[in-house]
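Residue numbering begins at 1 within each chain, and the chains themselves are lettered A, B, C and D in the order written.
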């Protein structure tokens, strides 16, 4: 029997109880229901900036890259700041390379304080292509994020939850296809 | 007599002796020859990540924002990593807001290890608009950056140097126009 | 006394009674109230496709390019189709070049059938830079466009109307500045 | 035995002896060598503009959409004009919808008169996602296109030819995967 697909979530914010952390948890529940395993990089053990002295030998960087190497698929969830992904998310991507990401599947989510927009999703899509990842066409942007979750941390809009479910289905299926080709 | 235009350079790398640091120095020489003053944020006193505990009260962040408030114009110079600006550059932009940047002039430069491309310039252009900056149409991408400078740190390609000069002329002129409107 | 600024509107749809035609009319009313003149290219005399035999000698193309040459500023209004500007808008831009657009001011508007998004505005901003136009940071996207206008053809959302007014103010001011530099 | 994959090429120029026409022919030779069939939409029977009266009932539009419906994969090849795909290409995309393109594979090529750039590829990638296509990460931009082909119409740069070959391999494989899911 095939090993389960391992999905790595990367959060574009520092705090795991952020909206992006919650979105990743919701995505992970769908992963579990479909038989996939998941791990999260939530910056609780922070990466340095690329270019800081010794950054490539940093313990957190090594753990991060090993986690990425061991994963078949990725979910990126970033807040949109100033019309694109957060610096935290971009710095996390900067530590990845072809070695960890080629021919692996990616799904993208973003959160916005105001009305929904696709800038972050678009720029992450272009960036992931540069490290030879396959981004599924399904994607999720959650606008007005401060009122998007109820007291249980669930999305108020069940349709949005179903979109995430569909996106995760697509992510896992394509991760299986891509694993068979590697 | 009008006060000179103050130009703030922001580097998308950590080290000021990087290619981006050199590009900024070249741009500053043109600023000086046109009577403008300049300051640089070169990450020698590093910013934290947006979202780190206490980040908005950080001393470096305060100095950075004060430098931005006191400036009339900005030059952003970022390496292109994975098809867009560096995480260091984006995190620096994340600490700015309308308050420091509205109706101020911006010029954009990028460096690439391989062949030239405009992804970083495009994404910075979109991002700067979100904080209501005015980006001049002139822009500079330096490809194959490891062979772009001679032993004196000058650009091997004099045309590139002239492009930077034209861009700085445009930056200062539009900064003067925009200052007259603020 | 200075000649009035001449603003050219270009519609990304074929029919001038389209939502984009209406948006342009609203923008033109603001132009008039600020003393600017306007002309519109609304495709009532259609351009050919770039690359059709004889396209560069086409009568409509010549009128279009003369209209552009005689203008100080441009307003582009395009529907968003499939995540970017319409083919009609892009083909219209393809007939312009540096000769008609360098150092002239541009303002951007877009309409969407569903929720608002900035793809069309972003891609037009990048494209206009390529022909050396100056795009003002103010921009307008009208989502859910079928319910955006009342029976008089006015925008239901007065704030949106005020955004257009502010954008036109910015367009005319920067057109005057740029004209003084040409 | 499975039916062969049918690949549809769409050219962003009017003339099939254009550089984009030649690139598509090169891509088709690789398709054939891998057992795939191909068809081309080269604008020899031109589409109208979206929005022209009667455009959706136009005979060429109907043939075009039927060709798309019957295809498993697409290759888009567009010149880069003014920092993005041609109006001809965008208008061709505007006539497609989810019905013809959902969960089908796409590969992207572009040509540039001057130095290489990725704007057209990036904007096509975003646009194709909007019609739910899967774009393979491999892509090809041919700069300085006037000297890119020898007298036989082959690419002077054999590496570029190999990149196209790799891209087509990826396109066909993913088209097979996606067909198995539809």
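Following the convention adopted for this analysis, a residue touches a chain if its C-beta (ideal position, glycine included) is under 8 Å from a C-beta of that chain, and two chains touch if they have at least 3 such contacts.
From a predicted model like this one, the values you see are computed outputs, not experimental measurements.
Engineer: More C-beta pairs touching across which pair, A-D or B-D?
Structural biologist: A-D
Engineer: Examine where the copies chain A and chain B touch and state whether the two sides share over half of their residue numbers (same) or under half (different).
Structural biologist: same
Engineer: Per the centroid of Cα atoms for each chain, what is the distance between chain A and chain D, given in Å?
Structural biologist: 30
Engineer: Please report how many Å separate the Cα centroid of chain B from that of chain D, as a whole number.
Structural biologist: Result: the chain centres lie 37 Å from each other.
Engineer: Among the residues of chain C, which ones contact at least 2 other chains?
Structural biologist: Residues 83, 119, 122, 126, 129 of chain C each touch two or more of the other chains.
Engineer: List the residues on chain A that touch chain D in their complex, please.
Structural biologist: Within the complex, chain A touches chain D at residues 122, 125-126, 129, 132-134, 136-137, 139, 173-174, 177, 181.
Engineer: Going by the contact rule set out above, which residues of chain C touch chain A in the complex?
Structural biologist: 83, 115-119, 122
Engineer: Can you tell me which positions in chain D touch chain C when the two form their complex?
Structural biologist: 13-15, 18, 43, 46, 49-52, 81-94, 96, 119, 123, 126-131
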